[in-house]
Structures are given as C-alpha cells and as structure tokens.
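Next come two complexes, and both contain subunit A; in the first it sits with subunit B, in the second with subunit C.
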Partner chain A sequence: MELQIGRDEFNQALYRAQGIVEKKSTMPILASVLLEATQGEGGGRLRVSAFDLEIGVTGTHPAEVQKTGSVAIKHKELYDIVRALPEKTVVLRREANNRVKITSGAAEFNIVGQPAEDYPAFPRAEKVAFVAVEPTQLLEMIEKTQFAISADETRHNLNGVYFETEAGAVRMVATDGHRLSLVQRAIEGDFGLKKGVIVPRKGLFELRRLLAEDGASACELGFTETSGVFRRGELTMVMRLIDGVFPDYAQVIPREADRIVTVDRPRLLETLKRMSLLSSDRTTNAVKFELSEGTLRVSSQNPDLGDAHEEIQVAYGGTAMQIGFNARYLMDVLSVVDSAQVNVELCDELSPGVLKPAGDAPPGSRYTAVIMPMRI
Partner chain B sequence: MRWEDIVGQDRPVRLLRAALERDQLHHAYLLAGPPGTGKELIARTLAQAANCEAEDVASRPCERCGHCLAIARGSFPDVQWILPQSEMVARGLISKADLEGAPSKEIRVDEVRALSRRLSFAALRGRRKIAALVPADALNERAQNALLKTLEEPPPATTFLLISANPDALLPTIRSRCARVQLGPVSEELIYRRLVRDGVAEPEARERAARAQGSFSQALSDPGERRSLIEAFERALAAPDERDALDLAAEHSERDAAALVAVAIEAWTRDVLVAQAGAPRQLLEARDLFDTAAQLGARLPPTTLLSQAGLCARVIEALGQNGNGRLQLERLFLGARELRASGQKGNAHG
Partner chain C sequence: MDAFYSSVEQRDDPRLRGKPVAVGGASRRGVVCAASYEARPFGVRSAIPMARAIKLCPQLMVVPPRFDVYSAVSDQVFEVFHSFTPEVEGLSLDEAFLDVTRSVTLLGTPVEQARAIRARIRERTQLTASVGIAEVKFAAKIASDLCKPDGLLVVPAGQVREFLAPLPVSRLWGVGPKTDEQLKRMGLRKIADVARADRSFLELQLGSTGLWLHDLANGIDPRQVEPDLAAKSIGAEETFEDDLLGEDLHPFIHEQALRVAARLRRSGAKARSVHLKVKYADFQIATRQETLLSPTDDGAELYRTALRLLQKMDADRPVRLTGVHAGDLGEAPPQLGLFDRPRDERRTRLNKSLDAIVEKFGKDAVQHADLLHKKR
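Let's turn to the complex of A and B:
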C-alpha cells in the first residue's frame, strides 16, 4: 500500500472514526482503524473504517494511490500524528511486517500496524433498499423518541427505538415501561421492511451526531436483516439491530379520553421545572395535577422542605379530578414538542396520560406520548 | 482444529458433536477440567463448527472457509473471547502500555454488561453467537451476578462457553445454569505420543509425559528450567548463610514468576515425601531427580517436609491474593531453611 492524501482530508476521516474506536475492548484490534487503498475508475481512494462490533463508520476519500493494499493502525497514535504533521500532504506506505511509514515534509514516522485480515468483517451493506431521507426530519424523529429508551440493560428489546413503516409513512417508537413516545412522519420510498426493527441507542446517538453536523446534504437510510445503514455521499454508517421483539405498543396507547385539557406548552414546562424543585423524591420527581374547570393546579411537596403550588389557566370544561406524574417524563416530552399548545388527555387517576401537540397535524404526521401516572 | 485431531477428550467431543449435528446446542456450557487438557481448543472448535460454512454438518469445522479462518484469527464478529487484562497481556494481545493501571486479573462487571449488550444484536455473519469466558472463574462476584441475568434469559442463537480449571470457584447459581462438560487429565500415553510426534527424544518424552500430570501445556513447557530451579533451591537451603536464598527470590521477583516457583517447590516437596515413603522412581514428577529426592527423604523427618508443603501452600495462596512476589519467595526460602535447621536438630515444629 502506498498513497498520498491531503492531511486535512485524512484528519477529518480519523476524526469521524474517533467516536467508534474502542479503547478498551475485549478485541484489541478494535482500537485500530482499517485503511484500504483502492484504484478505481474515478482515480485512487483511501477508505477509512472503524467498527466496534456495534456501529461501523466508513468513508472513502480521494487519494493518489501508487500501490493498493490495506492495513490496520491504532487510531489514537495515528490521529495524534496526522494532526501534528507539518505539511498539507501526507504519504503513507506499508512496509514489511505491516509497519507503516508516514511522511510529511521533513517529518517521518514508522509505526506498527496490524494485518488488515485481523480486522473484523464489517456488516454487509450490499443489496440494501435505500430511501432518501430528509436529514432534519430524521433528526427530529430521533430527538422526539430517544429520551424514552429504557436504561435497563437487561431489557434489550427496549434499549432502542422501534422503527416501522406504513404506507407512505415511517414511525419510530421508544418506551421504558413507564412512558412511551411515538412519532410518525410521511416519507416517500419503500424500505422493504417485512416487520419493524429495533435500532439501538448507541447507533441512534451516532446517527444524530452525523445528522447534526450537516443538515443540508442528501442522505439515505436502508436496512438489511441485521443492520441499519445510513449513507451520505462517501460516508456510510452501519448500526447493528437488536435481536428481539418490541412490545405491542399500540395496546398501551389509550384509544379515547374522558377529559382533554389544552394547555400552553412553554408555560406548563416552566411550571413543572419550578414545581419539581420541591418534589420529595429527586428520582421520581412527583408532581400532582388537580384539574377543575378552567384551571390546572400543579403542586409538589417534600416533608423535609415544604411544598409548592402553581395554577395555570387552561381550556377545560369537564369534571374535577387529580392525578400524579413524574415531572421529568412530562418535561422530556414538552421539551421536544414544537407546537405552542399541547393537549393532555386523561381518564382517571390510575390510567395513563396522553400528550399530543394541539392543532391539526400534516397528513401522515403524528406525535403521541403516553405517561404512566403515579399514586400520590 | 478438526474434532478428530483433539486428543484424549473423546467423551466431551462426542457429546458436543452430537449436540451440533442435531442442532441442539445448549445456551451455556461449563467446560471444566485441569489446565492444559484442551478446554480452549474445544471451545474454539465448537465455535468454528457452529459457524462453519461447509454444507456437510459432519465435516464441520472445515478449517478452510472464511468463517473458520476468521474464528481462528480471533477476528470473527460473532465469536467473542472475554479474558482478564492480565491474561491478554500474558498472551501478547495487548501491551501494558495500553492500560491505565496494572492489568486486572478479574473479568469485571462492565465487561460482562458490554458483552451482553453486544449479544443482544442479531448475528452478523454466523449462525450462532458464541461468547467464551476464559477463564470463567476470573469473573468477580458482581460480574457473575450480572452474567446470571443473561444466562437466565439468553439472547436468541447464543451459546456461552465458561472455561474453568476451578469450577468450584464459580457461584452455584452460575454452575447450575450451564451444562457441564468435564474434561479429564490426558493419559500419559497420549501425551507421550504427541511429544514423540513433536520430535522429542524417547526417554525425555517418557519423563515429560509422566511429569505433565495429564496436561499438554505442562508437557510442552521447558523441562530443564524446573530441574535447575530445584537444584538452586536445594543449594540455597544447604548454604551456610541466607544470601543465596535472597538472591534466588530476587531473581523471580515478578509475581507470576514467583507463583510458578512456589508451585514447582510444592511439587518437589511432594516428590521428596513420595521418595521417603519408598515409592519407585516412576511415581515422582521429577524422575530425573530421584536420587536427590531419596537422599533428602532419608535425612529429613516427614514433619519437616509436611511443614514445608504447608508453607508452599500458604505462599501460593498469598501470591494469588496479590502478595509481593519477592517477599513471598523470601518467606518460603527462609522459612524452609529454618525448618531444615530445626528439623535436623530433631525438634521439628508444625
């Protein structure tokens, strides 16, 4: 392998890999990046890949390739060297025993590499039915569901977001058993999914990072049986899917509500932030909702500190009731919804509460959050 | 390695092959047996056979397909080997420079959690995900409890292989959730044949096979070292002052090296006792030192030797609990010197 590549181009590729390479893994080679130099019709390319058995990122970059070949090099050392190189171009040359000579200007490094064959094979991303996705829309869908993913590592099937398609729409659902968040958006194209898939938290996190750094370029998303594949230009990210059955979430979404309260979203969020300051238990953040005609009274109490309450004017004409919630769960939802007003749908003090943005949604679009009540 | 090439473990091999051929592999096996009897070899062969691409089930693993080769190289994503850091350093998989502190001898709870997270994904290339814990008794108690959850509700198409020479060190709850596959010591004859095949000369092969205690790894280790170590030990004990003993301890000051020395001295103490009881040469581990052992046995009272064996056991235990290598060896050598001195005066103490 011998090639010449722009230092900044190479640096960027290594920066991307940074979040993926595992420093302390049971498979030591995962601390390395895989470099593959190829010569094709469009000229030479350097492919830089990182894979931690969970997520893989690979990008190809234009390079002047004198000799094709591949090698794995420890990421940290390589990244540190490339960042410190004096000239704008760098020459990489694999020598005997997988040693790699890096030269830039007068500086020369000889570092130890490992055979490329020792690098674990990437998930296959051939034969993927890619669908063009709007980066901002995908980012929005991730943000609207990610917070509800279960943190309980023993419940693998809840450690990710359920992704399923329905004629002309995609739906993402996350739940931890106490709350559920569902978002649906219209999309054109067919993912070819026979059933829904579970995309793990870490994969979504990396995907979100990629989407946030560039919201303008065209992106594609697709799935194989074992992985999700995201593609933008020369960059491909592969995330392995969780092998499990997502619970039948439709069952836990109440079909109709006895009481619907329309409330100003920023106001309710502010109120909850204030009231949760005095919640007796910091982890459960219990707040009490007392509903009467035209008014929602939110209160909290702590036997050691005291109590607090606040009243909000709401559009409500039904009978009085009271119910307890974890304020954190409500705030998580209110922070990601963009509408000015939200509808809070309630039945009785033991039935789950439902939050939806008020007003009409565009066709195919939907957002629903379900939150289990607390006994107060 | 092909199943046919695994020597001396017919019963475990038959059991696992039958399970593979019927596609009825358990979700967890405890591969138990003395060191050097082929536990890891069987684990690797099982991992290959379960994922081999060969059409004919009976000829798996084929050792030629991409999956078999990748598993042999350790780069197959669906087969994971979980080792404590100290073991990874010892095998040259990582260098000490890669670690922040001293290499841990334990498999810790976060490693078990990371493993069970990775196992929750669908298999990437293979048919069956394999997770081998080498050795399983390196799991500390918290890690074992974390593993228990995964063992109780194993992810689909997954087999755990718990490898241990000391299965009693595992929590009973872990043991009861694994199908136990017991490996026995390999017969002396099979070890002898293997050594001859490797080009070891006839009499030496006999001697090494006898000393191996049914363990291939012990038979393949260098025999000369043990002999010179025992001779140096006896010289240091017979010397007029303590200087030789202290030098010998300093020479093996690294903890793992010190533990090997203590184990060798323990085996040697047994040999002297065996010779003292009038047993023939064949029953000794160090047969080449039979004459030395017989002479010592004639001179020393059994109580002195038994006290020396007890001292060895305590030193080995202390080294297992992070004792300082050099200090523990000094304790052993100086203690043994004292035992000899008082034993020859005829008032040995226990």
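Let's turn to the complex of A and C:
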C-alpha cells in the first residue's frame, strides 16, 4: 500500500472514527482504524473504516494511489500525528511487518500497524430501503429526544430512541421511565418498517456528529432487521439496533388535561435554572410549582442552605394546585423546544405533566414531553 | 436468643412446652434447623438430618419452620437492640453484636444495659435471650454461648486472656474440625496452649490463620462492631421433597414470591430487580435476573417476573430447589415513574388487606388457589 492524500481530508476521516474506536476493548484491534487503498475508474481512493462491533463508520476519500493494499493502525496515535503534520499532503506507505511510514514534508513517522485481515468484517447493509432525509430535520429530531434516553444499562430497551413510521411521518420517542420525549415530523418515502426499532444511544450520538458537520448534502436513512444505516455520498454509517421491546409509550401520554398553563418558555427556563441552585439534592433537583390564577410560583429548598422562590405571570384561569418536579427534566425539554411559549398540562400532583410548544404545529408535526412529578 | 426457632414454637403451642422439639422439614431430605434444650441431651442439634434426629430421640416433636413468624419476632428483637445503640451488627435472625460504649452515660453500665435488654426482649416476645459482655467481639460471643439459656456472663475488663485460657481451641473463631485436628496434632488443646505457642511456629504451620489464632487466643481482636447497612436483598428458597419439572414448579415459585413480597412490605422496601435461582437435580445452580421498570413490593409482579426468568432456563432438567430473591431494595423514591401502573394503587390496597388478614387470622386464613394444589 502506498498513497498520497490531502492532510485535511484524512484528518476529517479520522475525526469521524474518533467516537467509534474502542480504547478499552478486550479486542485490542478495535482501537484501530482500517485503511484500504484502491484504484478504480474514478481514480485512487482511500477507504477509512472504524467499527466497534456495534457501530461502524466507513468512507472513501480521493487519493493518489501508487500501490493498493490495506492495513490497520491504532487510531489515537494516527490521529494525533496527522493533526500535527507540517504540510498539506501526507504519504502513507506500508512496509514489511505492517509497519507504516507516514511522511509529510520533512517529517517522517514509522509506526506499528496490524494486518488488515485481523480487522473485524464490517456489517453489510444490503437490501436496505433507503429514504431521503433532511439532515437538519433528522438532527433536530435527535436533539429533541436524545436527552430522555435512559442511562441505566440494565434497561437496555430504554438505552436508545424508538423510531417508528406512520403514514407520511416519522416519530422518535425516548424515555428513561421518569420522563418521555416524543417528536414527530412529516417525511416522504417508505422505510418498510413493520414495527418500530430502537436505535442505540451511542449510534445516535455518532450520527449527530456526522449530521452536524454537514447540513446541506443529501442524506439517506434505512433499516435492515438488525441494523440502521445512514448514507451521505461516500460516507456510510451502520449501527446495530437494540434487540428489545420498547414499552407501550402511547398509554402513558395523558390524552386530556384538567389544567393548561401557557408560559413564556425562556422565562420558565431561566427561573428553573435559578431555583434549582438550591434544590437539596443535586441529582433530583426538586422544585415545587404552586399554581394559582395568573401566577406560577416556583420554589426550592435545602435544609442546609435555605430556600428560594420566584413568581412568573402565566396564562391560567383554573383552580390552585401544587406539584413537584425534577427541574432537570423540565429544563431539558425547555432547552430543545423552539417556540416562544409552551403549554404545561397538569391534572393532579401525582399525575404526569405534559409540555408542548404553544401554537399550531405544521401538518404531521408534533412534539410532546411527559414528565412524572415528584412527591413533595 | 436461646434455641430461637424452637422457643418460638414452644411459646406459640403450649403442647410443645417442656418437650424435645425440632424445627425443620419432616421429609426425607429435611434437616434440623433448631432443637429445643429438651432435645439436646439426646444429641439432637441443628444441621443434622431429621431422620437421624428422630432415630436419636423417638419422642421428638417435629415442627415445620414458620420463617415469616421468626423474621417478625427477629424484627421485634432488633428493635429492642436499636433502642439501646445504633451500633448493631446482626449475625443472624437471632444474634447480634452491640457496641454499647457510647450509651453508658445515658443508659448505664454494660451490665445494666444487658439486664434491661434481656428484660425488654422477654417482655415483648416472651422469649429468653442470653448476653455475653466483653471488650472484644469474639469473647462476647463465646461468653453468651457459655451462659445459655437465659444467662448473662461478663468477662471482666483486662481478663479476656484468662477467660479464654481453659476453653478448648475449637471455641476460637475460625477453627473448624480441620484446624482443630491440626492444632491437636501440634499438642494444642486449650486456648491457653495456643496463646503460649510460638507465633512464628504457628505461622509456619497454619500460615496467616496461625497469626490470627495467636492474636485471638491472647484476647486480641481488632474488629469493630460494624452496624448493619440496610438489607441489600430479600429472598425465599425451598428444597423440594422430590425433584420437580416444568409447571409443577410454579406454585412453589409463587409461594416464594409471595413470601418475599410480604417481607418487602413489612420492611417498607421495594425491589428494583428480581432474581430466580434454580438448583438442578445434579446440584448445578443457575440464576437469572431481571430489572423491573418500576420498583415493586407486589407478590404477583414478582411471580410474573420469576416465571419469565424460568422460561429462560433449561426446562428439561429436574429441579430440586428454587429461590426467588428481590434485589436493589430501597424506599419508594420521591420521583414517580411513568410506568407505575394505575393498577398498582389497587394492588397496594389489596396487599394491605391481605397482610391484615394474615396478621389477624394466621398464614392459612387466605390463600392463593394455586398454592392449594402444590404437589408435595
């Protein structure tokens, strides 16, 4: 293998692999990236792949290939080297025993590689019904659900976002058992899904990185029975879906509310940030809502520090009530909603609270967050 | 407590008083869990097979164990302990170390406290307890063993070594039949012999155990009373009379689940995980566990989960024991869960009523129908 490639091009490929290579795996080769130099009709290409047995990213990049071939190299060292190279181009050459010579300008590195054959085979994504997706929309949907994914590894069916389709719309739902976030957007095309699938947290995180780097190019998303596949030009990402049953989320979303409060979103977010400073337990972040006509009083207390309260003018004409919430759960939702005002729907102090953007949503679109209260 | 299980039985059934009583399964595989003082002269003691016990003492009254009753009495006894000091280290249902040093100014000398503890236990449970008092843990335990039943023995300050000297080496903590034999071969029969023995000689012969025994024999025991943390799990197990297969296991697992749930409710805890243990006829042990979406103290829920776990196990192999264990215990958290079913409230009320009936009329007053058909 011998080739010359643009340093920045190579650097970007290694950036994409960064979150995927496993530094602490029992399989040492998973800390490496696979480099494959090929020569085709369109000229030479360098394929850079990273795969941790769950998620894989692979992409090809134009290169001047003198000699085809492949090798696996430890990602971290390679990435550190490439970022520090002095010139705009870099030459890679595999020598005996899978050693790789990297030269750029006057700098030369000889680093230890491993045989490409030892690298695990990348999962094939054939017979995938791809659907064109709007990158900014997909990114938005991930951002509106990702925070509600359960961090509890024993609940593997909640360690991802549930993805399902319904007549011209896709819906993504995440829940950790205490709160739930649902976003739905109109989309054209058929994913061919018989039932919903659970996309793992790490896969979504990597997908989010890829979407954030390019919001303009055409993207495609598709599924096999066991994998989700994302494609953008020469770039492909494959992730193994979570094998589990997502809970019946629809039944925990209240259908109607006794009390609807319309409140200025940035104001409520700021208030919660302030009030939660005094919550007695930083992990539970308990705040108390006291609702009366036209006013929402938010308060918190800490036996060691003291207490705090703040009143917000709200649109509410119903009877008084109180309810406790984890402020973190509310702030997570208020941070991802774009509307100027939100509706907070409540029944009683033991029933879930629902947050929705105020105003009419475009057809097929919907955002709903459900948050269970805390006993106060 | 003195002959705890059998004393409880004699307390509750006047016909057993003054008679040799053994608590345990009467089946072929049963062993003696506890023997009354009347049975002991015959050689009946705990852990021997019941069949042998009956041979040794033909007039032996065999009583099946009622663990729920013992654990309720145990709770009462430990409540008494905790009213004297928070530093209680339970050894079993009926045995504990108490460090009363810091209670002296408030509640009197250790001897006064011991008298008060014994009196209060007798008053609350109509049972007798024996107390050993010493500066070090293991000497206190030996003292309480020596003064049973219904006794109080004080090892005067600074005289632990003298107190231990005449006792056989088998009284030392950590000396089982094997070490006992080894020590005897070295000519060490009494604790005094070990105390006088050469330290490096003991180390040479017995390794670190030798050093440990030398310390103990000289009254040196650096271990503090370590207060109990809250229970980490609650479980119920049972060995069957005959090996069972398939659905025949269900009523046993059901009963175990109900027993565990009753104990959870009594201690005010809820379980986040359920573990099923199965011992096959060849004594191989398998366990499976599942984390629940919301914590529970309901027997039906534990049973459903245990059955799901059973399905993940080898169905063709005969089983000699099953056990249901509830893990990740905790008080009900202030944060409510989305998937806490609305029926939970009704189950809670039902369980409360059932517990009240059992409390008033006994364990058999109300039964699940499937348990009536339990194949013994």
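The working rule: the second predicted complex is superposed on the first by the 325 of 376 C-alpha atoms of A that agree within 3 Å, B and C clash if a C-alpha of one lies under 4 Å from a C-alpha of the other, contacts with A are read in each partner's own complex, and residues count from 1 in each chain.
We adopt the following convention: a residue touches a chain if its C-beta (ideal position, glycine included) is under 8 Å from a C-beta of that chain, and two chains touch if they have at least 3 such contacts.
Everything numeric here is computed off the predicted structure, so don't read it as measured data.
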Contacts of A:Pro373 with subunit B and subunit C, given as first, second, both or neither: second
Which of subunit B and subunit C A:Leu180 touches, first, second, both or neither: second
Contacts of A:Ala121 with subunit B and subunit C, given as first, second, both or neither: first
Partner chain(s) touched by A:Gly69 [first = subunit B, second = subunit C, both, neither]: neither
Which superposed partner A:Ile29 touches (first subunit B, second subunit C, both, neither): first
Partner chain(s) touched by A:Ala286 [first = subunit B, second = subunit C, both, neither]: second
Touching partner for A:Pro254 - first (subunit B), second (subunit C), both, neither: neither
Touched partner set for A:Pro352, first subunit B, second subunit C, both or neither: second
Partner chain in contact with A:Arg240 - subunit B first, subunit C second, else both or neither: first
Subunit B and subunit C contact sites that coincide on subunit A, given as residue numbers: 154
Residues on subunit B engaged by subunit A in the complex (per definition of touch): 70, 73-77, 80-83, 88, 93-94, 98-99, 111, 113-118, 120-125, 149-150, 153, 155-157
Contacting residues of subunit A [partner subunit B, same complex]: 24, 26-29, 31, 53-54, 117-121, 123, 153-154, 156, 159, 200, 225-227, 240-244
Residue ranges of subunit A touching subunit C (in the complex, touch as defined): 152, 154-155, 175, 177-180, 247, 252, 284, 286, 324, 326, 350, 352, 370, 372-376
Residues on subunit C engaged by subunit A in the complex (per definition of touch): 273, 291, 293-294, 334-339
